[in-house]
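Before anything else, here is the set of structures, which you'll find just below.
You will see subunit A twice below: alongside subunit B first, and alongside subunit C after that.
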Partner chain A sequence: MGVKKEEIVFWLERVAEVMAANREYLTELDSAIGDADHGINMHRGFDKVKASLPEYASGDIGNILKTTGMKLMSSVGGASGPLYGTCFMRSGMALAGKEELDCADLLVLLKNCTEGIVQRGKPNPGDKTMYDVWLPSVQAYEQAASENGNNVLASLQAAVQAAREGMTATIEMLAKKGRASYLGERSVGHQDPGATSSYLMLQALLDVINT
Partner chain B sequence: MVGIVVVSHSRTLVAGLKELVAQMVPQMEQIAFVGGIDDPENPIGTDPMQVMDAINRVAGRDGVLVLMDLGSALLSAETALDFLDTEVKELVRLSPAPVIEGTLVAAIQASLGANLEVVAREAENALRAKNSQLGYEAVSTLPEENITPRGLELRLVIHNPNGLHARPASRLVGCAGSFQADISVEKDGKLVNAKSINQVTTLGIRQGETVIFRFQGEDAEAAREAVRKLHGESFGESSAVFVAEPLAMPNTLSVEMEDGLCGIPVSEGIVIGVAALPDIRVPDVELVLCDDVDAEVARLEKAQLLAIEECEQLEQKAEQDFGSEEADIFTFHKLLLQDAETRQAAKKLITEEKYSAEYAWKTVTDGVAEEYRNIDDDYLRLRAADVVDIQRAVLVQLSDIFTPSFDFEEPVILIVHDLSPSEVAGLPKDKILGLCLAAGGPTSHAAIIAGSRGIPTITGIMEALSLVKDGQTVILDGGSGCLYPHPDKRTLAEYYFRQREQEHKRQILREQSHGPAITRDGVEIQIAANIAGTPDLALALEYDARGIGLFRTEFLFLDRDASPDEEEQYHIYRTVGQEMQNRPVIIRTLDIGGDKPVTYLHSEKERNPFLGLRGIRFTLANQELFLCQLRAILRASHGNGIHIMFPMVGTVQELKDAIALLEIAKRQVRGNQQSYNNDIPVGIMIEVPSAVAVADQLAPLVNFFSIGTNDLSQYVMAAERGNPRVALLPDPLHPAVLRMMKMAIDAAHRCNIHVGMCGALAGMPKAAGLLIGLGVDELSMNAPMIPGQKGAVRDIHTIEAQKIAEQALAMTSPEEVRTLLQMDEG
Partner chain C sequence: MKKLINDVDNVVVEQLQGMALAHPELKVNIDPHYICRAVTGDKVAVVSGGGSGHEPMHGGFVGYGMLDGACPGEVFTSPTPDQMYECAKAVENGKGVLFLVKNYTGDVMNFETAAELVAAEGIAVQSILVDDDVAVKDSLYTAGRRGVGLTVLMEKIVGAAAEAGCDLDTCADLARKVNLNGRSLGMALTSCTVPAAGKPTFELGEQEIEIGIGIHGEPGIERATMKSVDEITEILTTRILADKGYTRTIREWDRVANDWVEKELVDEDLNSGDQVIAFVNSMGGTPLSELYAVYRKLDEICTAKGITIVRNLIGPYITSLEMQGCSITLLKVDEELLKYWDAPAQTPGFVAR
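What follows is the complex of A and B.
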């Protein structure tokens, strides 16, 4: 069983809803260690995506992801704009022409997202960033897929499980990137907002495929 | 030229930075500023696409340096690179320089023609001067250039008042950079490269200090001469005054520049151009003989009487507005007009020579003026201009052919004795750079109209008429009230510079005024414009007014012999409604009486016109006139946002009567098969205390209130602005007035109707917090105030505003309120 184009569209819409619902929560997380705009930015970005989806939802998956990346770039406003924008654009380019994603394609998506973050943000593991969600998540997916014979759902469940753990692990980390890094020790004890929005995004994908 | 792109999270930050850079670098085309994102609610952020556009905008073959503030600005810039064409991308460099210092340094180096390599390096080293100044030089990790003292020497003492600070230093660097030779400059044993702005400023060369230049290379000799010459020109600093005090107040300036005249500032803007003085071109008066000598004498006497009356009005007004010294001019004019000898001489010319009144008066006053001109005393010689004034004042009364025409071929700075409001309204704006109303006051209707048309205007400079010649180049500074009749090169250079700065500022204002005014917590305050006619629309639209909060229709009725008819009014209202598209346009019905008498309508003199038949009282008593205006407004209201507003309403009955007449007007329009908006919103001015007292009874009958702060404060305080002995009492910031406003606003909001404010207070940025705190939904002001007020609103949080209002309402004097609003700082 693969992930159909309609499900990708549905996923993006779902992310928009999730970001709207978590706007205050993300902003609250960001106000502890950043500039208190992550929720606002993510909500604005995906709201824009949702609003313009009808214009480009008829393209192939690669196209949809790429256009989503463009929309995020120019509407998010904060650092997550270029970061998530690059994620989606890279994935879109790697998945050009696809109408449906199989287990390997989904790995391509996750990998490109992770590499996009590396390319843009140059993070190291443990820097208290969204990378601390994506890296374990893609690793868990790859391992699960090789063990369960490329079962999309089971692999993605493993990935989201790892994402959740990665997100929680950021609480104890000392920020090394972004504005949180200015706080040094004071950043310890707070969950990273970027890691949180990344987790929410992956969870939303699982929810869509699961239903 | 190397392009520069500055990326910041904040639009305000880049706007400020842009101002700083503009001081240093005249050509800004190669510098692009990207600040904030396109989200009025949360404007802080960066957008890679905007960065990409900016790079493309300034990219040329010399490359682009990008400076960024922090965080996402870096990511956005890096992302932008990914989207650029390869050939552009190769020439773009992202700079780790501190954004403010780096941008300034980069802009200077780029404007001097340095290549990307140099611009980038200099930007990175931008903290040097600061480090050195603060004694952190040791921690600077910047590589020192290896310079050895050699070559031709030149020892110079620096005379510039502020030493070789940024501007003269950049001139030096520019000069040095144009030679092949290695050029070093040394102070106190410290040696730097004279081609580097950072290094030169690091030396911190002050006035009176000696520096040694050394030149090594083929063109060393020429370079030495060039630097020597530049030193002789004070490194291009035009005015020592300006350098010492970049924001020098105008009065200090006029002292230093000597040839400036100071009047009263009315409407901002610096203009430099050719003066036109149609007023003092002595009107040609033909020699005409008269038959009826007695009638001719009577004509002259009547004209003299009217001129004296006019003079008394000006005298009173000047006394109120600026005190007795200014009023003395008019007292003197009156004395001249009353001068028995002059009058007798003119009368004699009529009776004995049968001269026409015009010719007799002209002949006599020409003689008087000539006598003054020949007096060996500067002060008295200047009084010749006053004689010319009274000569004109009487001639104008005798015949309207002496009213000047303002049809110029080229744009001019118009210098005239005074103009009527309609004359100012009719000035061709593209031909009038600036306006000097030599005898006018800042609050005359003419001045108000000039201000609302955005014409740089000054008043109260009688000397201008005698000291300026037609066709001469002059400088008029509407912000400081100064006029320079004979500007020297230094003054001209100085003002060209200021003018450019001001244009730049205005550009920023235009940008600032774009879009709605939304408080920090997301409440939109409608910022609207007050207008007196169609000429004001241009500026209202330029500053993106969200509507017209007050269209003072009485100006259509002033300065003419009969009321405008329905067609004429309809066309004007229609134009305003159409031009403003669907934005609200509040047309106030005729508000005459009080200080705005219209002689052909208001013939009976009242003992106390402010408490007499004015506003709605007058129009209810003159129903035909009222119905005519209502029909014109109704017809114009079809398909646009026109509202109707009644002035001076004090009782429920008055309002009901006015509404009843509006219904009659609607029937008449319907009867004529003409279309109109049957649901035209109706509102009232809140300016009479009784209206405040019964605001809860008035509110259900209308769609909106608009508070007129000027009249409301007079009536609440029972004191007239025009009476100098009580002029300080009617202060809109008096807590008594503020409480009345609050009552009216609360009553309106209980009925869910909109409350605007259209008095002078509404345009004051420092009052914005208070007014929003009181609860107004709309502020309407003269268009030039809009950008500042939008900016003020965007800085406000309504919770803070409410606190300010609460505090103000609890105070006991307007002085305390001013202190609270920090208005006493000027």
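What follows is the complex of A and C.
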């Protein structure tokens, strides 16, 4: 069972709904250690993606992801715009021409998202960023896929489980990147908003594939 | 929240529309947002940008002798790469584009992305950071020092050099030199309210002040009790003068490798016998009368330390909405920097004759 193009489109629409629903929650997390705009910015960005999806949803998966990245890049602002923008643009370029994703393709997607974050943000594990969600998630996916004979659903379940744990683990971390880093010790005890929006994105992908 | 606004979602665009009407010599582009000179010369294009709410910076510094273009983001939110890319393309004249970027994670990432897009078009580009806020102690465990008051002085000096015909590398070297010779520190008497948030960014008691405040209300070094202007000026100035050898690793664009290269940069010391430009800035809500009281004490401390203030700038140039408070910037200067500081400039927010 692969992931069809329609499911990728559903996923992006679903992320827009999830960001709208979590607008206040993400902003609240950000107000504790950042500048209180993460929910507002993510909502604005994915709202724009959702509004313009009908114009580009007929392209191949690579094109859809790449265009989504460009939309995010030009509408989110802050640090999340270039980070998520690079994520989607890179995975889109890596999956050019695809009409359906198999288990290995989905790994390409997750890997390129993660590498996009590294390229743009230069994070290290444990810096209290979205990387603390993506890195364990892609590792869990790869390991699960090799153990379960490339089962997409089971591998993605493992990835989302790792994403959730990664997100929760940011609570105890001391921020070393972004505006939260200026708080030093005071950043401990708060869950990272970028890690949270990343988890929500991966959970939305699982939800779409699982239905 | 009491503000002169119609709709919180339209504050940036309505400000731009007003600016366009008031300054027909500028081109104000709405989609995407950028402000640039209607006519650009045969010179290096100097472009800056950042979140709105710091006016007159940056849009108010577009004009002869300073910036060629500026990209305003939402209030306190970085602008996006498409704005910077379109703005750069609008003002570029074959001599290359220099981005002057305040060191905030969002601004840096968006400008880096924009520089890659501009470079991909075959346009010579460089991006120089300003990170002068001594409130941030180290760069190892944080995103590094923030870009604050020195940005204004950098835009004036580098803008003048570009106007004088210096090439891209010379302008970039000069911007780096300004950054390594300047330091700032700010303080807040009150918070400010971002329109979209609707409530104050932070809480400050009637008798409390924040020393080392960032221009978006980021926490500083310490929360202190209210003091006299002399005491506050002494705290800020003493910290600036005591600051030595700040070291950080930053990224600059390598046009040959077509990629980013890391560079380690170290601040120059400020010592007795040095000459400085002294800049006393209002955070937005503090009146000029109080800034002069700050300057009075600042001059006394510098004189006692053997540092000569050869030029000064006093007023609201890099603000944080309606926040009350001030910042002090000291830039060590030589003949080269002074020459460009003294060069004429004609912009909505800064005029030099």
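In this text, the second predicted complex is superposed on the first by the 211 of 211 C-alpha atoms of A that agree within 3 Å, B and C clash if a C-alpha of one lies under 4 Å from a C-alpha of the other, contacts with A are read in each partner's own complex, and residues count from 1 in each chain.
Rule of thumb we're sticking to: a contact is a pair of C-beta atoms (placed from the backbone, for glycine too) under 8 Å apart; a residue touches a chain by one contact, two chains touch by 3 or more.
Owing to the predicted nature of the structure, the values given are computational and were not obtained by experimental measurement.
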Between subunit B and subunit C, whom does A:121 touch in the aligned arrangement: first, second, both, or neither? both
Taking the superposition as given, does A:74 touch the first partner, subunit B, the second, subunit C, both, or neither? both
Identify the partner contact of A:183: answer first if only subunit B is touched, second if only subunit C is, both if each is, neither if none is. second
Going by the touch definition up top, name the partner, subunit B or subunit C, that contacts more of subunit A. C
Just to be sure I read the superposition right, which of the two partners does A:209 touch: subunit B = first, subunit C = second, or both, or neither? neither
Between subunit B and subunit C, whom does A:37 touch in the aligned arrangement: first, second, both, or neither? both
Please work out whether A:64 is in contact with subunit B alone, subunit C alone, both, or neither, and reply first, second, both or neither. neither
Determine where on subunit A the residues touched by subunit B overlap those touched by subunit C, and list them. 35, 37, 40-41, 73-83, 85-86, 120-121, 178-179
In their complex, what parts of subunit B are in touch with subunit A? 37, 39, 42, 44-50, 70-72, 75-76, 78-79, 82
Subunit C residues touching subunit A in their complex are 32, 73-74, 76-83, 104-106, 109-110, 112-113, 136, 141-143, 146, 194, 196-197, 201, 214, 216, 218-219
Applying the document's contact rule, which stretches of subunit A touch subunit B when the two form their complex? 35, 37, 40-41, 44, 73-83, 85-86, 120-121, 178-179
Could you please specify the touching residues of subunit A with respect to subunit C in the complex? 35-37, 40-41, 73-83, 85-86, 120-121, 174, 176-179, 181-184, 186
